[in-house]
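By letter and in written order, the chains are A, B, C and D; residue numbering begins at 1 in each of them.
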Amino acid sequence: MQVKIAVNQENFIKKYKTVRSHSETICKPLEIEDYVVQPIVDVSPPKWHLGHTTWFFETFILKPYNRDYKVFNDQYDFVFNSYYESLGARVVRTDRGNLSRPSVTDVYRYRTYVDQHMEVFLQNTALSEELTALLELGLNHEQQHQELLYSDIKYILGHNPLFPAYSINSVFNQNSSQNNEFIKIESGIYEIGYQGDDFCFDNELGRHKVYLESFEIAKYPVTNAQYLEFITDGGYTNFKYWHSEGWEWVKENTAKSPLYWHYIDQKWMNYTFAGLKEIDLNEPVCHVNFYEASAFASWKGLRLPTETEWEVASPDLNWGQRWEWTDSAYLPYPGFQKAPGAIGEYNGKFMISQMVLRGASVATPEGHSRSTYRNFFHPRHQWQFMGIRLAK
Amino acid sequence: MQVKIAVNQENFIKKYKTVRSHSETICKPLEIEDYVVQPIVDVSPPKWHLGHTTWFFETFILKPYNRDYKVFNDQYDFVFNSYYESLGARVVRTDRGNLSRPSVTDVYRYRTYVDQHMEVFLQNTALSEELTALLELGLNHEQQHQELLYSDIKYILGHNPLFPAYSINSVFNQNSSQNNEFIKIESGIYEIGYQGDDFCFDNELGRHKVYLESFEIAKYPVTNAQYLEFITDGGYTNFKYWHSEGWEWVKENTAKSPLYWHYIDQKWMNYTFAGLKEIDLNEPVCHVNFYEASAFASWKGLRLPTETEWEVASPDLNWGQRWEWTDSAYLPYPGFQKAPGAIGEYNGKFMISQMVLRGASVATPEGHSRSTYRNFFHPRHQWQFMGIRLAK
Amino acid sequence: MQVKIAVNQENFIKKYKTVRSHSETICKPLEIEDYVVQPIVDVSPPKWHLGHTTWFFETFILKPYNRDYKVFNDQYDFVFNSYYESLGARVVRTDRGNLSRPSVTDVYRYRTYVDQHMEVFLQNTALSEELTALLELGLNHEQQHQELLYSDIKYILGHNPLFPAYSINSVFNQNSSQNNEFIKIESGIYEIGYQGDDFCFDNELGRHKVYLESFEIAKYPVTNAQYLEFITDGGYTNFKYWHSEGWEWVKENTAKSPLYWHYIDQKWMNYTFAGLKEIDLNEPVCHVNFYEASAFASWKGLRLPTETEWEVASPDLNWGQRWEWTDSAYLPYPGFQKAPGAIGEYNGKFMISQMVLRGASVATPEGHSRSTYRNFFHPRHQWQFMGIRLAK
Amino acid sequence: MQVKIAVNQENFIKKYKTVRSHSETICKPLEIEDYVVQPIVDVSPPKWHLGHTTWFFETFILKPYNRDYKVFNDQYDFVFNSYYESLGARVVRTDRGNLSRPSVTDVYRYRTYVDQHMEVFLQNTALSEELTALLELGLNHEQQHQELLYSDIKYILGHNPLFPAYSINSVFNQNSSQNNEFIKIESGIYEIGYQGDDFCFDNELGRHKVYLESFEIAKYPVTNAQYLEFITDGGYTNFKYWHSEGWEWVKENTAKSPLYWHYIDQKWMNYTFAGLKEIDLNEPVCHVNFYEASAFASWKGLRLPTETEWEVASPDLNWGQRWEWTDSAYLPYPGFQKAPGAIGEYNGKFMISQMVLRGASVATPEGHSRSTYRNFFHPRHQWQFMGIRLAK
């Protein structure tokens, strides 16, 4: 986490309010009941996201830096800690959806309470570099949870047998080109990693040289139309396109399509935020996992790009609608250092068994995307707004 | 299920309203969020109970007997069917707590809709014997779910780290005697099973003779004070009091006390509907499973009664505060017959691997208890209002 | 366990040798490898049976009654204890098949060592009543394991893809009548439970009166021909014949027939000790579990007998080829008492969640069957020589 | 897989015999029973290894290239196929230890049969480049299983409560230096990947340039003495050294030391091929998984090398006693191509969720190690001869 620039206090308060209120805007269309459930372990109840992001400011800013601060409820530490071992016992992750309390109303009260204290605090405190870094981290952390909110809400509603719509209006503008153009990059030494004075995560730091063989990378992400060909051609029934682990996943889940696709009355339907709709052939394919992305590429006789290739080529790519699976594992950059204290648990301890996704998605909050951003998930995950870009 | 008496239509409507509104009264103290969660598979979300009991009337009365009836929502069959294979696909039981929709408001609308149609139907229809039996079954079914509502709500709130109270007022009056009096019954031929013209379940029918050896049975149920001695004497750490299966349960769950007991600051606390309280030594012990009941009896050098002994002795017993574990498996009476059709799935198909409980509890609705009533649960279950009576 | 008669020492030694050598005779056709594996948790490796029965004599006779006795290997306590909590730590049951040592040769050495000491001991010791009871228990215990040896060997070979024969010669003579005769028993008071001076298990003791309604019971067990009709008529695809728990079992296991039946090239084949053979229509059906037995009876419009009915009718029945599932749970007789000490763990602690089987099977050792014998297994088990008798 | 050199037929036959007989030599100290068991899914029964490596030659050489060849037993395809989807159904991996047949004798017969046919075939066939590549692959494949044989035998014997020795003589010579010397490598462009005319696996091919920042790497692997300090300092009880996934592994397994270490009577004992011995402080630490290797490095304030660093530095390292965990995921080199047909399933389909190990171990057969060799296992695995080298 780094912030080098001087921060204008007024602007910061404004930014704080903007980010914080966006989380609530995302939840506005929800019924109370939608805030509570956790249909799979990866999907957290929306009220948990609202509470946890608030707890983050309370725990990392107000408690250590504001000596007069009284916590809203001292049991919330137990309820809203996500994974910080440094910070004591917590509700086991699988139990988040078993908790009817704190109620949604109480969670919003908690937000209001913390926001009021934060705003007073921000007005009255000189922002040291350390503090500014924590504040920026808190806001970026909340933005990450905003994207999770979209993914989790979609999962909750999209796995309900009534297929309720989140909104009758279009939520995201999504479309792509069927164009198959490839960008060619010459071999040579390149640099990757974050450079600049704005915020970035610790896992992007340590800009460093890499040597790349020449390669080609698709200008556009893979579309539903293109993915449908893979399905129709028996992509989900031929082991040879799949990793061994991916093929196990196909068989155990009798997988036949991306998440949210349903074959009904001879048509491929897709659960969208507006309800069940016929698939839109021009949209970039979404909600595929690494196994599917990789099998698709293999079926095409091509491959996925590495994260290095992606970053080097990024200025020429049409990106930002889907998080794009790369064939790079999530591992530390040369010279990577964990931050001291609980914040050090933010990224480093997850650098095993996950794959890097690059880009950003329609659900990524404004101002939260960079070409150096390293997102990461287990290869089996589909529920984020994940898609595919080909390389060769 | 049997009803032989002529039914007064007006009285029936009144009874229908009384029973139906009681379910809603039980739920009154709940927050919306409390209606939604399912912390363990056995505990259903309260909104599911409200919907399922309504679906029962819609499915077994309105749809077959009222040809003009239009279902409220044709997807509710899938959502609110509990276990009737005859009636098609349904939400798997473990998923009940993953459904945020239908919302609580919609479930109440569903209740109102079905109640209005039921009342019109009841006013305008001659009640045949068959129909009356179904109606009685529907009401008794709802009463069973009222007891489940109490048990499930207690589980939901009592397993929340905030230990919220359901009500600050006392909900049930519970106390017993520390008196150790035993009733002696002579050997001989007795009769058990339901006899009479009121409602009873099919599993109580077929009154039949049994031969009993002479036995003694405690007049009062076991109290918290008595159970505490068992705990203090190492009851949970000595395998010799336990069934093999029970001892596995103790070890896997590191069981140390009845459900809802917590040893905090050198005191045994008990989660009650009014929140966490010190245990009341005079209450009959509650929320123990068959293994615990049986281990307690074994520690005492005594045993649990059989269901036959219980029923024969019942006129002399002080009963009705706890469902009492018997050492009888849930099996058919001589001549037991399943009802034809879906209703036949009500009792018979569960006659394996469960133990009979006799009596009734503080949570049993008024008018729903009889000395011939055969309740049944798996030996591991604790979450009903279950207690212990000794025999020798 | 009871033995009242005076025992002739010489005869006893002879009996000891006969029983002990029979276990080894059963294992004679095995390859070393067959002694080692444990394909499911219920099936123990044959070498474990040979060791465990030997350990029983070492532990309950030689160690306590022969002060000079030196144990063969002090780690065998850990390896060969089955379930006696009183006797300390033991290999977890699921691990029995993971142990290549002690080798088969070592186990036979262990048998020889213990047998030699037992024979000397028997020649030189006055047999008290207590000791005689333990000795009889040891022999009956070994006989129970002889039947388990047959069942487990059949499972091991019958689940090998090569379907090796245990013996090319016929091992058991098995056949029944297609005769559908029913025996009628009048209502009245009867007595059940063991009476006499020979050995019986503690669970048979406490002969007591029971009142029976009149009933009818089939003279012969159900045959393969009769069971095949059930299969052909869709017995395994119609939930209505099944207990709820049984139907889950059918679906989870995609059950379609008794264990060891395979439908190959339009024919029903059956793995037998002589290898894969076409099913013999005249044999009593074998290797069905309680769910299947009960579903078959339900399909017939009949039921299974209770254990009381079975025992009362037994003099008129053709029995002894199959253990016959009853619709009685395994529970204590009135006045049942556990023996003191480790032996008390023999029967009583299993009196929950199991069903009683009556009779005996072709695999039961000579002299080990009685009409009062109460065998018991979980309702899901098929791998014993289990069959069906109908009642109404 | 590549072989460019001309092959001398005579030498090849000699090599074939040498490699094949080495597998049998490894198994010589075993009892028949040791060949059969599979205590965990990753450990295959030794007889399976002997059969599978034989099946490899039968399937990939004799069947396609020798038209007169008759298979030894046509059911062995089902029994000895490991993971080749192209080659049809196979015993599920978890069932390998449930098969008592084919017997050990039959497996050795199978080996003899195939070896005789192979030798005749090799004498009479002109070895095309394709064929030579397959033959070399078969031999290298068998060598990989020789190392697995050592690992699996150690697991089988080392997890037996009797801790039997494999051999009273020392099997491997293992020791290291406590020297903490680090080799410094300057930044710059390097090349990695196989270059030459001998055999290598497909995953080593595609020699390519990489850019490395300057780094330092330990000349010697970490010793038991050094690892013991980590244990003593609370390494297994402090989450901060561990990946999140590693910490879960520690808690679930209550891990406290490398595999095979036992703290007995105040001493750290180690199961070795010669039985249970006090740990040798000068041996390189062995049987640690990636989580442990990584936590150890983190405790030291250092890190694991990447596979690229390792390969570049390898000429200066003292390596070959332990497979050394790198902080590199097992992913394709630029330009990686799967071989066509079933052989294409050899490596590529495993390139996900595994980490690369470099070097070789005391159990690696002579002639089977190269500095470009890419071994790979899941991060949780300990049972190979795996150790640690530090970098900074």
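Heads up, the rule we're going with is that a contact is a pair of C-beta atoms (placed from the backbone, for glycine too) under 8 Å apart; a residue touches a chain by one contact, two chains touch by 3 or more.
According to UniProt, the chain labels map to these proteins: A, B, C, D = Sulfatase maturase.
Predicted model only: the values in this text are computed from it and were never measured.
*Asks:* With centres defined by CA atoms only, which chain is the most remote from chain A (Sulfatase maturase)?
*Replies:* Max centre-to-centre separation from chain A (Sulfatase maturase) belongs to C.
*Asks:* Determine the centre-to-centre distance between chain B (Sulfatase maturase) and chain D (Sulfatase maturase), using the mean Cα coordinates as centres, and give it in whole Å.
*Replies:* It comes to 58 Å between the two C-alpha centres.
*Asks:* Cα centroid separation between chain A (Sulfatase maturase) and chain B (Sulfatase maturase), in whole Å?
*Replies:* Computed from C-alpha means, the inter-chain centre distance equals 45 Å.
*Asks:* Multi-chain contacts only, two chains or more: what residues does chain A (Sulfatase maturase) have there?
*Replies:* none
*Asks:* Quick one: do these chains touch in a line, a ring, a star, all-to-all (complete), or other?
*Replies:* ring
*Asks:* Would you tell me which residues of chain A (Sulfatase maturase) are touching chain D (Sulfatase maturase) in their complex?
*Replies:* The contact residues of chain A (Sulfatase maturase) facing chain D (Sulfatase maturase) are 83, 85-86, 187, 189, 208-211, 213, 215, 239-240, 242-247, 290-291, 294, 303, 327-329, 331-332, 334-335, 344-345, 349-353, 355, 379.
*Asks:* For a test of understanding, state which residues of chain B (Sulfatase maturase) touch chain A (Sulfatase maturase) in their complex under the given definition.
*Replies:* Chain B (Sulfatase maturase) residues touching chain A (Sulfatase maturase): 31-39, 47, 75, 78-79, 91, 95, 97-104, 156-157, 159-162, 164.
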